[in-house]
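Look for chain A in each of the two complexes below; its partner is chain B in the first and chain C in the second.
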Partner chain A sequence: MKKIAFSLTLATTVLSAGLALSQAPDDASKIIRGHYQAILADCAACHTAPGGKPLSGGLPLETPFGQLIPPNITPDKATGIGNWTEEDFHRALKTGIGHDGKRLYPAMPYPAYTKMKDEDISSLWSYLRTVEPVFNPVDANQLPFPFNIRLSMLGWNMINFEGGAFKPDPSKSPEWNRGAYIVQGPGHCGTCHSPKTFLGADKVDEALQGASLQGWYAPNITGNSYIGIGSWSEDEIVQYLKSGANGHTIASGPMAEAIQASTSLMTDADAKAIATYLKSTEGGPTGKPQPVSASDPHMTAGAAIYHDTCSACHGGAGKGARQLFPALAGSSIVQQPSAETLVRLVLNGSQGVHTPEAKTQPSMPSLGWRLSDQQVADVLTYIRNSWGNAAPAVQVSDIASRR
Partner chain B sequence: METRCPKRPTRRQFLSSVAFTVLAGSAAPVLARSISGSLPWEVRSADPPVQVRPGGWLFFTPEEVTTMEAVVDRLVPADELSIGGKEAGCVVYLDRQLAGFYGVSSRLYTSGPFLPGLPTQGYQKPETPAERYRAGLAGIDAWTRDNKGGKRFSELSPDEQDAVLKDLEAGKISISEQLDAKSFFNLMLSNTMEGFFADPIYGGNKDMASWKMLGFPGARYDYRDHVTKHNQPYPLPPVSIAGSTEWITR
Partner chain C sequence: MTTILPRKDVVIVGLGWTGAILAHELTEEGLDVVAIERGPWRDTATDFNIGYAQDELRYAIRKDLFLQPVVEAMTMRNNTSQTALPMRDYGSFLPGNGVGGAGVHWNGHTWRFWDTDFRIADHLSERYGIGKIAELQLQNWGVTAQEMESAFDRFEYLAGISGRAGNINGQIQEGGNPFEDPRARDYPLPPMQMTYAPTLFAEVTRSMGLHPFPTPSANLSQDYINPLGIAMGQCTMCGFCERFGCANYSKSSAQTTVLPVLMKKKNFEVRTDSEVLHVDLDASKTQARGVTYVDTSGEEFFQPADMVLLCAYGLHNVRLMMLSGIGRIYDPNTGEGTVGRNYCYQTNSGAQVFFDDKNFNPFIAAGALGQTLDDYNGDVLDHGPLDFVGGAGVNCIPTNGRPISTRPTPPGTPRWGAAWKQATVKAYKATLGFSSQGSSYPTRGNYLDLDPTYTDRFGRPLLRITFDFPDNDIRMSNWVSDRLEEIAKTFGGRQYVVNRRKKGWDSVPYQSTHNTGGAIMGDNPATSAVNKYLQSWDVPNVFVVGASAFAHNAGKNPTGTVGALAFHAADAIRQQYLRTPGQPLVTA
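So, the complex of A and B:
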C-alpha cells in the first residue's frame, strides 16, 4: 500500500515538473498580455453570447446585408478554431482571410485589426489557445444571396480594404499615438462610430462622426464640441470609459456592453491615451442648426410631457444630477442627427453599466406604456431643442418601428 | 401499563442522528456562489396601471346606478368649486372597485369570530362591501318608498335627499336588519371621496377636477426646482398617472 502511494506521489511530482518545464516563463506573461489584447479588442462583445461560455459564439449581428452569427473562436477542433495555426490567425486579422482561405465578412473588424502590431496578434493567439475549448457549432453565414458568397469579399476588399500596420505620427506624443493605435486598431471604435458607405465600409474621411447600427445611434466621438466629445475634459472621457458614467452622460446599449467587457478593464494609461487622441480628432458640423421654436405645438406638448414625466430626475432645466441622472442640456448625445438611441431609452428604459469603479447602476424606467408615439416624438423634440440644444425634430413615424 | 408514542425516538436514535447530521454537515462542501454585483433589470419592464374607462356597469344594476348617482351628487354637489360626484365618475369608480377585489374583501381576513370592535378597529362584520351596497341601496329605496310617498331616493328633491342622508348618518333610520345605517352611510361617504380625489385612472376625478380645485399637483415626486420659491404658487398643472391633456399636440 505504501509503495503504491509513493509511486503515485513520484508520478505526480514528475508530471507537474514536466508541465512546468513545457511552459517557458515568458509564455505566461505572453498569455497575460494576450488576455489584455482580447480586452482591448473586445472579442467577447461579439463572440460571447450573454450567459454563454466565453468566446464560443455570439448573438446574431443584424447587418444591412443580412444576419451574421459571430463564430466559436475557442480552441475546439471540431467547431472552434482548434485547427487553425498562428499563421492562419495572423492572416485572418491582417487580411480577413481565414483558415483554408475562407474569406471573412468585415463584420469581423479586420479592416481595424489589420493595424494591430504583430506581437500583439501573437500574444492574443497565445491567449486564445488557453481558453476552454467549447463544442458549439455556429453557422456564421446567414446572409441572403448574393452576399452569402464569401468570395464576393475579394471584390469588397479590393475596393474598401487597405491593409498594413498602424503608422505612428512622429509629430505627436507617444500617448496620442498609443490612443490612435487603440482607437483605429484593436479597439475598432470606428466599426460602430464611423459612418458607412453603401457597401458597409467605414467612410475614412468621416471617421468617428457617428453612425446608426442595430437600431442604436453610435454618436459622434470626435473632438467636435457641439456634437462630439469636445466639451468633455480628458478626465471625464477616462471616467466614462472606466465607469460608464460621467457628469455628462451614462452609457447605454452596445456602448454599455463595450464598457463592461472592454474599456473599464483597460489600464488608466490606455484610457487616457484614447481620450488624448479622441479630443484631437475633428469632424461633423461645428455650427448648430436653428432650434425648433418653443411655440411650436410639438414643443409645447413636449414641454408638458417633460415636466410631468422626465423633470423629476433630469431637472426642470435639463441639468440632471452628476453621474446619477444624465444632463440633457448641452448634451451632445441628445443632439445627434438621429434620435434612435433616445427613442430606445424612452421606450425601453436603460440601466447603467456595472463596473469596478461604479457599482451603483442608476436606471431609467421604461416609459413606453405611458407615452404614445406622438408623445415620445414630442418630448424628444423638446429636449433636443431646449436650454440651448438644437437638433432636428423627431417624427412620429420614427417611433412605431421601435416599439 | 407503559404506553409509548411509537414515533418518539429513543435516546440512542436521537444521539446517533445528531452525530450523523453533524458529520454530514461538516463533510458537505461549502459551495461558494459567485455574485456578479449587477442589479437585476429588464428592458421595457413596467407594471402599468389599468386605466378604468367609463361605459357599462360591472357591479351595479341600473336601479342601483340611479340611486348611487343621486347619493354621490348630494355628497359632492356640483357648485362653483367643482363638478358634481356623478359627473366626476364617482359611481364608475365605485362600480369597478366593487366588481374587483375590494368588493369581495379578498385582501382582508373575513372569517370569524365576529365580535363588536372599537371604532378605531374598523368594520368587524362578515358582509363584504359588495353585499353591503347591494343590501344598503335596496334598503334606502325601500325606506323612501315606505316613508316618502312611494318615491325612490333619486326621485326626491335635493333637500329631501339631504334629509334622508343626514338621518342615515345620524343612525336615525333603519334600512335593513343586518345593515347598520350609520356605518353604511360612512362607507358611501368614504368611497365617494376616494372616487372624487383618487387618480383618474381609477375611473373618478374626471379631468383631475378635484386636484384642480385644491391645487394639488398630482402624480409628481420631485420639487427641487420649487422648494426655494417661497410664497409663490406652484406653476404646473396637475398630472395623472396616465398623463394629462396638456400632452396632446394642439
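So, the complex of A and C:
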C-alpha cells in the first residue's frame, strides 16, 4: 500500500516538475532507489520538522558548540537546494563543501556519507529532485563566534576528516560488507553512537561505543556482550531495527525517530546485514566491574524505591514484559557507563516508538515530581547493580543538572 | 455565531468503549471519522501515573475521574407522584468523563447476557405463561445469543478477558460456568490466580452443590497482545480498579486496547473538551445533518456528517435524543413514545462473614478477581413455584483493601472511638464479603424524560430519572438474599450480616453504575427506540450504542454486552448500512 502511494506521489511530482517523460522508466527506478537511500541515510530525521513538509528544514540541533538548524533540502530555488547541481550535491556528501564552496558543519554527517557509493548518491539526488519544493527560509548557522565562521571547517577537516568511499573487506561475507557499508556510510550510526573528540569528531578507535547527545546517551552498539548488543541474537537486532521493540528493550527518544523514519523501513536483508556487522564489532570493557554491594545503603534505599515505584511494571526481578515494559535485568542500556538516559527516563518519562509491529507505544511515566535527586540516584544505582547487572553508582550530582 | 466545519463521514459522540470500537471499525472501512468527547484526553502514563494512580482520596472519595454535576446534573424521584430534584452530587451511580469514559474506571467483570435475556418476553411467557410477567414491561431485544456470539467473542479477544469457558459449542467444560450459552472458543486468557477469599468461597459453595467458577475478568491474568497488535500487561493485583485508571496497562479500556492504533489513523480525529449540545436534524426530522458542539472557550461549532453515532454513557445518549427530537419521548400514562422507556438499574444485596482466625489479605485484589455462581441467576432456577422472575449472580470478588473505604466492622460496633478502632483492626483482614448482582426488570412507571424545571449551564433541561425497585425485583432480591444467608451460615464464621435491598431507591449511597435502557433495541418501533442493529427507527442515519439499548438489565455487569453491541452495530453498518446509506436496515 505504502509503495503504491509512493509511486503515485512520484508520478505526480515527476509530472509537476515537468521532467522529460521520455526518460521516465529509467528515472523512476532510479528515483525509487534514491528514495530508499533517503531512508537508509535518514535524511528526514534532521531535515523534516515534526508536522512540517518533508525535508523543508528541521528542528534545531543542540551541539556542544551551539545550535544548528538543519536546512531546507527541497528543490525550492530560493530557500532549498533548487540551484544546486548534482556535482554540488555529490561534493557536499563527499567532502562537506556545498554549493558555492560553502563549508558544511559535520552535524551534517558527511564524514559518514563520504563512504557512500557514487551511484547511491546519484540516486539520492534524483529522488531529492522529485520532492515537493517548499519555500521555507532556514537560517542554519546559529553558532556563536568563532564557530559561526564556516571557513573554520577547513581546519577541522584537515584534522578530523578522511574522505573516500567505503572499502569492502574481501575476507568478510558480502552480508557483513553490506552491513558495514550501511553502518559506516549512509546509516551514519556513529554520528550518535560514537564518542566524540573535543572537536566533535568521531573517535575512530572507539567507534559505536556510546556517546551523549541532546540529553540522551546513545548506547554502545558494538558486539560487546556486557554493554553492547552482543547478548542479542541477530534476529533480535533485526526485530529491534524493524519494530523498535524486542525482548530486551523498547526504543524511545531519538532512536524511536530513527526507527520510525529509517530502520523500520529498511529491507529485511539490510537490517540483517547491519545485525551481522554490529555483532562482529568490538569495543568497550571486556569484563563487568564488581557490582555495588547489595548492602550498600544506597542500594538498600534504591531497592525500597524500586519495589515501591518500579516493580509493578518492570517486575520484582527486573524482567519486564514483552512489548510493554523493558527488561532491566541484563539490559545493556541500563549498564552504560553514563546513566544520562536513565536519569532522563525517570525524571521526565518517555513514550515508546510506534511501528506496524509494535503498536502499543507504552510510556514510562514521569517520576521526577515524586523522587528527590538522592532517590533517583539510589534507585538507578540499584537497577544498575542488581540481578547480575553491574555499573558505576549514580551520583546525586548527576541528577540535579538534568531536571 | 456557529462555526461550520468541513463535513465528515461519521461523527461519534463520546470516545469510551463503544465510541472507540466503532471508530476503529468504521475507519477500517475507510470512512473519515471524528469523535467529539466532552471530557479531557486521558492516557496511561500521563493521567494514571503509577506514582499517584492509587490515590484513594483523590479518585475514590473526591471522584476525580467522574462526571461532575456542575457539568451535567440529573434529577431523580421514585415515582410520578413526587417532584424530582437535582442530585447535588453523583452517588448511587458515577458516570465517567473523558476519553475512555466509564471504561477507564470499571472493575472489569465481563459477562455475556444470555439467550433467555435477549428473548426474555417470549422465553418467560412460554415457560410460565404470560400472567407471570404481567406486572412487568419485559420485551425481546430483537437478537439471539447465537447472533451475538461472534460480537461477544471479538470484544473478549479485544479486551484479553481472563476466564474459563463453561460451554464450548454445547460441550460443558469443567471449571467454567455450566449455565452459560455455548461459545465458539475459550477466553483468550486463563483465569486469574485466585486469592484466599474467593478460593474459600468456591470450596464452601461447591460443598453446597453450587457451581462457582472464576469471574471473567478484564484484569489480565497474563501478558497479552490483542488482535489489533496492542500489548497489555499482567495484572499486579494492586486493588485499585474501580474508580481508578490502571497504571500498568493491565485493565482493558479504550486506552489499553484500541486507542494506540486508532489515534495513528489519518482518517480519525478526536476533539476533547467539547460537549455536543444536540444532533441537528433536517426539516423532515428523519435525517441527521450533524451535531452542534461547544468547546471550553464557549465557541459553538456545527460538525456536518453523514452519520451520527451516539456513543456516550447510556443516560446521556437518551438525553441527547430527547434534546435533538430523535423519536418521541415516552409517556408512562399512555405507554406511548419510546425514548426514555424501560429504564432499569441493578438490584443488589450483600453479605459479610466475620472470622476470628482468618487472614484474607484484602489488599491483594483486583476489580474482577473472584468467583461467581449463576445457580440463582436469570432463568437457571425454576421460577414456577416462586413469586418473581429474574435472579442474581452471586459474586465473591473482594476488589480491594483500600484504607479509607474498606473498613468492615461487625454489627453493634460503635461508629467512632477506641472500640471502633479495635474492631476495624480486627475485621480488616478477617472479613469475607460476597454479594448478589440482581436483575432489574422494566415496569411502566420506571423511565427517563426531560425535567420540566431544572436546566444545565447551557439552559437545556436536565434528564429526569423516575425509578424505584419494582416489587418483583425486591421479591427476587429477598429470595436471593436468603440464599446468601445460607452460604454465609455455611462459612461458619463468628458472625455474619446480610444487607437486603429495600424499596425506595436512594440516589446518595453508591450502588451501581449500571444504568440501562431508555433507548432500547427491539423489533417493534412502537415499543423500542432503535432496531436490532441499534439504528434509530426515526432517524436512520443515527445509531445509539450502549447500555441505553438494553431492554432490561440482567443479573450481570453490562460492559461485556455493551462491547458486543458495539461490534454488532459496526457489522451492520459495514456490511449493510453503507450499501444503502440513510435507509432503515429493518422495515417495521
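Keep in mind that, in the parts below, the second predicted complex is superposed on the first by the 380 of 403 C-alpha atoms of A that agree within 3 Å, B and C clash if a C-alpha of one lies under 4 Å from a C-alpha of the other, contacts with A are read in each partner's own complex, and residues count from 1 in each chain.
Here, a contact is a pair of C-beta atoms (placed from the backbone, for glycine too) under 8 Å apart; a residue touches a chain by one contact, two chains touch by 3 or more.
Because the structure is predicted, anything quoted here is derived from the model rather than measured.
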| request: Using the overlay on chain A, decide if chain B and chain C clash or can fit next to each other. | output: clash
| request: Kindly classify A:374 by the partners it touches after superposition: chain B alone (first), chain C alone (second), both, or neither? | output: first
| field | First, second, both or neither for A:28, with chain B first and chain C second | value | neither
| message | After the superposition on A, what does A:324 contact: first (chain B), second (chain C), both or neither? | response | second
| request: Considering only the touch criterion stated at the top, classify A:151 as touching first (chain B), second (chain C), both, or neither. | output: neither
| task | Could you look at A:364 and tell me whether it touches chain B, chain C, both or neither (first, second, both, neither)? | result | second
| said: With both complexes overlaid on chain A, does A:301 touch chain B (first), chain C (second), both or neither? | reply: first
| said: I'd like to know which partner A:347 touches here: chain B for first, chain C for second, both or neither. | reply: first
| note | Clashing with chain B: of 416-424, 434-442, 524-532 or 560-568, the chain C stretch 416-424
| Hey, what residues of chain A end up touching chain B and chain C alike? | 312-313, 349, 351, 354, 359, 361, 363, 365-366, 369-370
| said: If we count contacts the way the header does, which residues on chain B are in touch with chain A in the complex? | reply: 36-39, 41, 43-46, 48, 220-222, 224-225, 236, 239, 242-244, 246-250
| task | Over in the complex, which chain C residues touch chain A? Could you list them? | result | 43-46, 49-52, 223, 225, 228-234, 236, 238, 247-249, 260-261, 264
| task | Using the touch definition up top, name the residues of chain A that touch chain C in the complex. | result | 309, 312-313, 321-325, 349, 351, 354, 356-367, 369-370
| said: Could you list, by residue number, the parts of chain A that touch chain B in their complex? | reply: 297-298, 300-301, 304-305, 307-308, 311-313, 315-317, 347-349, 351, 354, 359, 361, 363, 365-366, 368-371, 374-375, 378
